[in-house]
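Dumping the structure here so I can ask a few things about it.
Chain IDs A, B and C follow the sequence of writing; residue 1 opens each chain.
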Amino acid sequence: MTVMLSAQNLAKTYTLHTQGGTRIPVFRGLSLEVSAGECVVLHGPSGAGKSTLLRAMYANILPDEGEIRVRHAGRMVDILAANSRTVLQVRRQTLGYVSQFLRVIPRVPTLDVVAEPLIRRGEDRAAAREAAAALLARLNIPPRLWSLAPATFSGGEQQRVNIARGLIAPTPILLLDEPTASLDAANRAVVTSLISEAKAAGAAIVGIFHDDETRAAVTDRLFDLSTAKAA
Amino acid sequence: MNVLAASFAPGLDPDPPLLAVRGLAKHYGTTLGCRDVAFDLWPGEVLGIVGESGSGKTTLLNCLSAQIEADAGEILYRCRDGEEVDFRTLPEARKRALLRGEWGLVHQNPRDGLRLRVSAGANIGERLMAQGARHYGGIRGEATGWLTRVEIDAARTDDLPLHFSGGMQQRLQIARTLVTQPRLVFMDEPTGGLDVSVQARLLDLIRGLVDEVGASCIVVTHDLAVARLLAHRLMVMKAGCVVEQGLTDQVLDDPHHPYTQLLVSSVLQV
Amino acid sequence: MSETGYNFAYLDEQTKRMIRRAILKAVAIPGYQVPFAGREMPLPYGWGTGGIQVTAAVIGADDTLKVIDQGADDTTNAVSIRRFFQKTAGVDTTTETAAASLIQTRHRIPEEPLTEAQILVYQVPIPEPLRWMEARESETRKMHALTEYGVMHVRLYEDIAHLGRIVKSYDYPVRVNGRYIMAPSPIPKFDNPKMDHMPALQLFGAGREKRIYAVPPYTSVVSLDFEDHPFEVQTWSDGCALCGATDSYLDEVVIDDKGGRMMVCSDTDYCEKRRAAGHLGPMSAPYAETEAAR
C-alpha cells in the first residue's frame, strides 16, 4: 500500500509568553504513517495532543522538531520545511481538512461557501455550484438556506456546511477534526457514509472522533497518543 | 523553529518572486519608522502586514508604494516584460509609470484616492486614458463593467463620487485601481473607515477581484479577522521590526513570538 | 510721433535680452512654458501684460504692428496697445492682416492665412492646461516633464458623459510637436486648426504667471480628442450677415431690444476686405454706399 503521509520524530512544546513563559510539552519522538485507503483515528485522553498532531499534518501548527512528508503530485514533500506557496498548493490539491468550526466571510451565501474549493481549483462556476447543491442536499441542508450566509445557522447546520466545504473537492489525504461533534444520528450516518466513500476511493484519512458510533464505523487503525508519547 | 527560514527555504520554488524586499529601513529623524524588513511576494499572493498603531506597518507600505522614500534597502520588482528592477533606484519617470499601470494603491480614505468632483466613470477611466486609451465608448464600457463588478449600479456612472456613501467610494476606488489589471496592489486598511456591515461585503469583493485579476497584494491592517480572510501570508510588525512571518493560519493559530501571542490573545471573541 | 524719455518699445535693453532668451528657449522646445522675470507694465494684469512684453522684446523700428482683441482692431484693449507702441517705439501700425509684420492678439487668430514673414503674439491669461485637474505647480511641472497627460482626456470624457459631446469651445488643449500639451490661450477652437503647421512664428506671453511659450513655424499642433468623438470646430447655419463669408468665425450681435440678432465676422479686417471686394451678406448695404455715408 502506498504511504501517503509520513510523520517522523515530531516534538511540540507550546510556550505561552503571555503567561510568564509557561512551557506546555505536548509530545516528542512521535512517528506515524498513513497509507492510501486507510482511516487512522487518533486516540488518547484530552490534552494528549490529538488536535495538535492533526493540525501539524495540515501545517497549521509547526512542531519544533521532526518532519511531515506528504505525497503531493507524485513526490514526497516535507510540509514543515516547504515554503508557503508549496504548502498552500499542497493544501489545495492534496490535503483536505475539516475543522470543527466554520470560518468564512460573513455575507457569502452558503452555496458559494461550499462551491469555493472547487472554483479555486479552476472548476467551472456553474458546475461547482451544482456539485455544492448536491452535497448540501445529501447533508440535509434545506434548499431555502442555500442562498443565505451560514452565520445565522444552528451549530449543527454550520458544521454540516463546513463538512460539505471540506469534502467537496476530493483530496488524496483527508484530515477530520471531530466532524460529527454536534450532529444528530441521521446526519452522523450521512457523514459516516461520505467518509467511507472517500476511503473506498483511495483517500488516506486521519481523524479525531469523540462519538463511539462513528469511530467504530470508520476506523481501520487506532493511533494511541498516550502510548506514542511514552515511547 | 525559525519560521522565516521555513517560509523561504531556497531551491523549492522554481518561479522567481514578483517582489523581493531586502533590508528596507526608514527613519524619521532619529525616530525609527521600520528597519531590516525583508520578504518575498509571489504572483497571486496576498501578504498581510499586521501590528498595532505605530508598529511601522504603514511606514513600510508607504516606502514600498513610493509615497515616502526609504533610507536603505532594496525593493526588487520583476516587471511585466521580465526585467528585474530595484524600484528605489529607478528614475522617477519609470517609478510613476509603474505606479500608474502595473501597480495600484488603495488608500484607507477613499477621498485620497478618488477625484471627487469627476464622475465615477471618469475616475475609473482615468488610468486607462493615462495608458493611452482614446476610444470614449470603450473607456465608458470598461467603466460601467467595473462599476457592476464592484456592485455599484451602472446608472450611477455619470454621478460624482462626492455624493456616494463611504462604502461605495471605497468600492469605486478599488475599481479605479484594478481597471488596468495591476500586478501588484497595495491596500492600507481597506475596510478601515467603514461600518462593520459593509466591511464583510467589501472583503468578499476584494478577495474575489484580486483572485480574478490575478494580482499580488500587500494589505496593511490592524484587524486580525481581516488579515485571516484576505491574506495567504502574514507579517507581524512591532516597533518598526518584523517579529514573525508565515502562513496566515500558522501565525494566528500557533503564534511563536510573544508579541504575536499577545496580539492574538487580545482579540475580542463575539 | 514717439514719446521721449523712454527706451525704444518701453522696456530697457537688458529686460528685452532676458525676454528674448526666454523666447529662444521656448522656440527650441515647442509648447514648453519658459518662466521669465516679467516686469510691471503700465497696465493691469489681464489686459495683455504678457503679450506686450513679448511684443516689446521682438519689435524693431521697421516693423508694422497690428493689434486685435477678439478679432477686432477697434476695441479699447487693441487701440490702447497699438497706441502704446506708436508712442514708445514710433512704429507703423495697421489694421490690415497682410500688411502687418507683427500681430499681437487677444483670443483670435486672423482669418487670412499668415506667412513666414509674420509673427503672431498671443496674450495668455492661464498658461497651464493641467491646472484645472492639478492645483500644485510642482506636480504639473512633473506631469509635463514625464508626459503624464492622462488627466487631459478626463475633462473631455466628462463633457461627453454629461453633455453628449465635447463642449469645450475655447482654450481647447493641443499637443505641440507630439510632445507638450499646451493651452492655446482662449482662442475659439475654430482657430485651432490654423495653428497647425502655420508658416508664421507663434509666441505666447502670460504676464501674471510670468511664462512664455512658442510654436515655431511649420510645427504640428494637434487638438486632443477621442477616436469616436473626433475634434470638430464650430459651424454656423448661415454666413456673415455683412459679408456673406461662410468660412470665418462669427460673433453674435444684438441689434435691437426685441431679440433681434445678427451673426457677423469676428475678424473686422477680414469682413471689410470682403465687402470691399463686393461680397455681400443679407443685412448689408453695398460697400460703396456705406463708405460714402461716412
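Note that a contact is a pair of C-beta atoms (placed from the backbone, for glycine too) under 8 Å apart; a residue touches a chain by one contact, two chains touch by 3 or more.
In this text, all values refer to a predicted model and were calculated from it rather than measured experimentally.
Comparing the CA-atom centres of all chains against that of chain A, the greatest distance is found for C. A comparison of C-alpha centroids places B closest to the centre of the full protein. Chain centres here are Cα averages; for chain A and chain B they lie 31 Å apart.
A separation of 77 Å divides the Cα centre of chain A from that of chain C. Mean C-alpha positions place chain B and chain C at a centre distance of 48 Å.
Those residues of chain B lying in contact with chain C across their complex are 92-93, 96-97, 100, 115, 118-119, 121-122, 125-127, 129-131, 134-137, 139-140, 157-158. By the touch criterion stated above, chain C contacts chain B in their complex at residues 133, 142, 145-146, 148-151, 153-154, 157-158, 160-162, 225-229. Listed in rising order, the residues of chain A touching chain B in the complex are 15-18, 55, 59-64, 80-88, 103, 105-108.
Within the complex formed with chain A, the chain B residues making contact are 1, 3, 6-9, 12-13, 42, 45, 200-201, 203-204, 207, 228-229, 232-233, 246-247, 249-250, 253-254, 256-258, 261-262, 265.
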